Amino acid sequence: MQRVTIDPITRLEGHGKIEIFLDDDGDVANTYFQIPELRGFERFCVGRPVEELPLLTNRICGVCPEAHHMAGAKAADAVYNVEPPRTGKMLRELLYSGFYFTDHTTHFYALAGPDFVMGPTAPVAERNILGVIHKVGLEIGGKVIQARKYGHSIVEMIGGRKVHPCTSIPGGLTKGITEDQRKEIEEMGRWGIEFAQFSLSLFNDIVLGNKEYVELILGDIYTHQTYSIGLVDENNKVNFYDGKVSVVAPDGERIGKYAPSEYTDWIAERVEPWTYLKFPYLKKVGWKGFVDGKDSGVYFATPLSRLNAADSMATPLAQAEYEKFYETLGGKPVHQRLAIHWARLIELLYSAERIVELATDPEITSDDYHTVPTETPSEGVGIVEAPRGTLTHHYKTDERGIVTEVNLIVGTTNNYAPISMSIKKAAQSLIKKGTVVNEGLLNMVEMAFRAYDPCFGCATHSLPGQMPLEVTIRDANGEPIEVLKQFC
Amino acid sequence: MSEKVGVYVCHCGTNIAGTVDVENVSQWAAEHLEHRGVVIGRDYKFMCSSLGQELIQNDINELGLTRVVVAACSPHLHEQTFRTACARAGLNPYLCELVSIREQVSWVHTDKSAATAKAKAVISGGVERVRMDEPLQPLLVPIHPATMVVGGGIAGIQAALEIADSGRQVYLVEREPSIGGHMAQFDKTFPTLDCSACILTPKMVSVGSHPNITMLTWSEVENVDGYVGNFTVTVRQKARYVNTDSCTGCGICWEKCPKKILDDVYEAGFGQRKAIYTPFPQAVPKYPVIDVENCIYFIKGKCKACQIFCPTEPNSIDFEQQDELFDVQVGNIILATGYDLFDSSRIPQYGYGKHANVFSSLEFERMCNASGPTNGDILLRDKKTIPESVGIVHCVGSRDKNYNEYCSTICCMQSLKFAHLVMERTGAEVYNFYIDMRTAFKDYEEFYQRVLEEGGHFIRGKVAEITDAARTPEEEGKLIIQAEDTLIGKQRRIPVDMVILSAAIEPRYDAQEVAKQFGIACSANNWFIERHPKLDPVSTMTEGIFIAGCVQGPKDIPASVVQGAAAAARVLARIQQGEISLEPVRASVNEDKCSGCRICNNLCPFNAIIFHEDRMVTEVNPALCQGCGTCVAACPAGAISGTGYSNEQIFAQIDGLLMLNLEQPLEVVVG
Amino acid sequence: MTDTFEPVIIGFTCNWCSYRAADLAGTARVKYPPNIRLIRLMCSGRLDPTFVIKALSGGADGVLITGCHPGECHYIEQNYKALRRYLLLRRTLQGLGVEPERVKLVWASAAEGVRLAAEFTKMVEEVRALGPLNWPNWLQGNGYSAKIESQPEEVAA
Amino acid sequence: MSTNGKPKFAMYWAASCGGCEIAVLNIGEKILDVDANFEIAFWPVAMDAKYKDVEAMPDKSILLTLFNGGIRNKENEEIAHLLRRKSQILVAFGSCACEGCIPGLANLSKPQDIFDTVYRSVSTENPDQIQPQYEFQMPEGQITIPEFYPVLKTLDQVVPVDYYMPGCPPESHQIAAVVDLVIQVLKGEATLPPAGATIGAGESTVCDDCPRERNVKTIKEFVRIQDVKRIDPDLCLLEQGIPCNGLATRNGCGALCPTASAQCIGCYGPADGVVDYGARLITAYASVIDSNDPEEINRILDGIPDPVGQFYRFNLAGSIMRAGTPAWRGNGSEGG
């Protein structure tokens, strides 16, 4: 038996590692996507005061600390059964929209961009953001940097810091914003709408205008029939910060919506002995293994799944793009994983529109941003949509608000099973008996999981970022016969 | 530069060598601590002898020692000895450590091998510590030649006169209108039965007329700034409403004043005074004060009898007078603020305040006094009836867990004096109720014998109750003192006409505030704490602040006078020297590291910590700092360091005591 | 080597009271176990919690902090600061898995040599009963869980 | 990979969250200076070299390595050793590498407790009580995951470190300043700080940079931040009863959190020369408690419900209690 080890030095609870076993015929026998690291937040958050959890859980991920900060703050609100005032909620959502704007921008341009703009089989040296800039114009580079900077500015203005924000507390925030800051945010939001529209047109020109790419997107290699989940508001429109989680079956039927407090009725996690990370699945459907279909509890939680799980977008420009998206791809739901990139751009537009909406609300500069909790703390669940999937924080405390139990289902974790499946499918499709595994091909394997923007890769945002892969092909005795390296 | 450490282990005869294998210990230090800089380890019979000291001095000169560790007795005994020896050999004395292997090892442990092992650990700690010692220089502070004495009782008077007589300036602050204190209230003094006024008045007059004494009566200390040698004391002189420039003290004003008030202070509530008054006829100064709380003019806006009848030109009564605040510069301060009498009504079963004929000791003093409310006649509260039997209760509020555990010292002798006076002036039967009879000191026991011979009755036992509830006809109309007579083991009920309670001496009600103001310490029962109970009874932990008289603890007149004189002598020695050398154990702030967080700002009871608002940094005034190290330990930024007991020294000593140094190379690579 | 565990206890004393009490214990030839090794500070107010932590991490099995009785501090009130720090330090150490008996605060006046010696003996026996602090072992991951539920006891008078 | 004669630069993440990398990326145009002055030899986030390539380099051939993340497992430690060997200057970069950071709080628990918590959580369906195995035999072959260490270690607990750059993450302007300094050193225009120094930070504490007004401090009660009705935007947080760690935390961030009315949680670690960070906070908070009565003091201290978390939030793995060594226990028995 041959073995291919893809050892990307990647992130979340450690580094991702892919083992591809080939059978005697040189076909893929099985693949294992391992997460070889554990930090134990769920253990050592116990004993801490609940108001610290939005700060401590920040440190799960330095790429999306805002998501943990928000989910943590919402869970802590729930623990005290306290509702932040309207301004408090809006400020949090505004911060969060700023974060989405930055995060989606960087993912699209720095990570996904090279795959499409340069083509998946382009030489390694060109397949990075510099290559993208060379191809589409230097001006874009400036815009991307500007977009990241604007998003970070909004985060810092409301959250106090660019990385690991610190102002959300049970019942709201520690501070508000001034009229000057509001104006600045509004301007940045308006610029952001233009930028998002520009990005969508770029995608339209480069990707949708290219038959090869469209085929790649629509092809079977990158398609999985799984459930979709995503947070929606009371009108079933996509919402990142608040609402219920909508669950939609592979055939498009909404099988239900759950409130944060009901998550354990819907989601369960499976433990495998060969990896530190757990595999969440839909409890009501059940775990049937790494398989597609309505009977398998495997689901995904990404920009695409959020669009699938919702009925529409809450802002007009994003709604128009939403309609175009489904028209182009043949109606709801869409299962082609490479379409996640497109869906991400629609969310980018939504986040910019939402920034303007919130920044122009007359109450956004009010100083009524915090409600002092009065109830005895006990238990609470907070859910937000992290860019990489539904993020669930669940805390139990004693009557002093000291945490006694923590359960976290982190964004990317949701997609652990579908990513594993995508990798396997891509490997099976691309590595066939006699096929020479070359670099471009490996990139196509990697494209399978990059679409999910897994958090263990998301730190590669913004630079000529390439996720290093190493594939070792071993003969039946386990001796390496060929080592291929590539850096996407 | 690597240090050369010498280790010297003392046998102290057999005191140490009997339990600790001193040869083994000194050899061990030389061998096993060589890598920590120990170049020589010696043991010697008596390190503190001149030969022992020479041993160290020679090694400093010949081996070039840069650090010395002596393992011997307690540093409290001989630290100075060995420091001085080092200094003689040219080594900074603060580079010598004395570690105790006698009081803390040989005398308290029995197992020789365990004691030897511990001695090694203690020396190891000393070696590590001494390596971190820094050469220090004593701080020299100039002494301002003027002195302030606070409190004009007999202790303060004595101190003021001693200093003034030697030609130095004294400011004597007294909060009452006259100096004299409690002694001015007494009639006779034990055991000689001198007339109190006769011996006190001349001293008071000397004070009043002394060219070197500025008397500040009717005054209180408002604030104390500065430090030894250089205090700035702010004094509030309260308005007397009497112009002392023109007043002659003729007394017409208080004769004419229509308002009579019970005098709680001087007459102990037994007699009366006017709203304008001097506390007693011999008052110094002679000028009266107006008691505004009781003066009819100040209450109702009319009267002015005093002003109308004042014969002086210009008129000496000035209703517009205001309090005056002024600063005084002094180098030393003597606190002689005295005591308060225990309030006997706190012991309800003794019936003080309930039964008319139960008197406090001060009331009785006033009653005996020829210038007092009864002109010296001993009478019942009706001021007519002469008592036929009198009970005197000792230890009222003293030696009592419910009130004060201490002995008030003076009550036994005072009670004997009362017994004598009662018998002498009334012929009444006198019963003394005592727990123990304490008649230490010269001629006291003789006085006790005299009272016994005069026919005084003595019942050894604590009084349980004083009641007017008669059980037998002969008890009718009497006060019955119930007590267990422990000598015969029986309860006794003794009916008397009059009871005198020898009440305890207590610290002034405001002792804690005063202590805080002057930056000194109070004991748990609020007496001011001396620097050393035996060897330094008139100094305090705060340089430049001395204590004398009852403020330090209960004592009689001779003892108070001794302390007043002693404090004066200490102050004069300081002034004579012109400057004082302070132990260089001090805190200092590294301003680069100080964040101005102000955590330390409230921690110093000596007010040595100053915050500079403009630069947002804190500074420690080295002259005010007493070296306790509290701020060093508190600084969250680690910006405050302390000489003599630095973190590095303590950390090193911990490592040494735990023997972590044995495997530690001398050069530690950081990181 | 004896079979009984011999704990090492570091004691911090104040120059004015407890160090003198220890001297007095010596002068009076009062016996106590040799397991305690003293460090002299000017005042218990100098006690930096770091000293205690350093001693424990350096291998001491217990730390005894001593100072003047409340109200009798030679620096007026600094022993109260020691008391406050001690109470907070002990809570913290408890959270880190150090049994409360291992770090103790005892007030002793210069006259209380006999009593201080008795406190030394008591502390040595208590820590002996607890066994080694064994922090190094704990750091290898073989230690116990860091929760000790008992409440801090009162300061020894 | 070019070999253009420029000094080599490396950056690596061990057990970290990625925030340090983001902070480096946030230095903006300065990144181009790095590119212009260094050959990037190893930077998984940005560059295409593997462990094996690093192994092949001559020892000390990398001039500067920024190492972020704590040492949580065997793989982390192996790479730390590798990079120490290959680097002239090894910088512990960020709170995790310097002092353990939040993941260091795991050192309060035994590994088994951590496994029991994570793999038996409320949403976990694990009837067979499966836990990850370091080596596991699948039908297709054996696969492995790195051994989880009993405790999280800081970088200098496994290899010697030349410089420390604190912060969670280090602030971008501080990173930019350090980059500038190193470039100046390369040009001979500046010298490196002494070995073992902390770089990219101040030597005082956060209060030094905090704009809030402060007074002489006395504490009557500690409050939880959510219980404060309206946080005074101008007054020292500690004076409002909010346990702010700024007092004892090294400055360098610009007092970001207190400026935003959130308490400093201590991510920059202790001030220069401080031996134990937690002890500094314990002593500072306790010293200004306004009571001499043990009962009242205890009541006030109840306002800090989690002292270990409060005082060792970022510092536990790096605290001196972590670096204990066995003492000489030869009391009574001559041995050493």
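The letters A, B, C and D name the chains in turn, as written, and every chain counts its residues from 1.
Criterion: contacts are C-beta pairs under 8 Å (C-beta built on N, C-alpha and C of every residue); 3 or more make two chains touch, one makes a residue touch a chain.
On a predicted model such as this, the values are computed, not experimentally measured, just so you know.
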Most distant chain from subunit D by Cα centroid: B
Separation of subunit A from subunit C, taking each centre as the mean of its C-alpha atoms, in whole Å: 53
Distance between the centres, which are taken as Cα means, of subunit C and subunit B, whole angstrom: 31
Numbers and ranges of subunit C residues touching at least 2 other chains: 8, 34, 48, 50, 54, 58-60, 70, 77, 81, 85, 95
Shared interface positions of subunit A, touching two or more other chains: 47
Residues of subunit B touching at least two other chains: 111, 114, 117-118, 121, 603, 630, 633-634, 647, 651, 658, 660
Chains grouped in pairs wherever the two touch, ordered by label: A-D, B-C, B-D, C-D
Contact footprint of subunit B on subunit C as seen in their complex: 8, 10, 16, 19-20, 22-23, 25-27, 29-34, 37-43, 45-48, 50-51, 54-55, 58-60, 69-78, 81, 85, 117
Subunit D - residues contacting subunit A, complex: 13, 15-23, 25-26, 28, 31, 44-50, 72-73, 75, 101-103, 105-106, 108-109, 113-114, 117-119, 121-126, 130-133, 136, 138-141, 143, 145-146, 148, 152, 168-169, 172, 224-231, 233, 256-257, 259-262, 265, 267, 305-306, 308-309, 313
Residue numbers on subunit B that touch subunit D, as the complex places them: 111, 113-114, 116-118, 121, 592-603, 611, 616, 630, 633-639, 647, 651, 658-660, 662, 669-671
Complex contact set, residues of subunit D against subunit C: 108-111, 113, 149-151, 275-276, 278-280, 282-283, 285-287, 289, 291-292, 294, 297-298, 301, 304, 306-309, 311-312, 319-329, 331-333, 335
Residues on subunit D engaged by subunit B in the complex (per definition of touch): 156, 160-162, 195-196, 203-208, 214-218, 246-248, 251, 270-275, 280-281, 283-284, 287-288, 325, 327-328, 330-334, 336
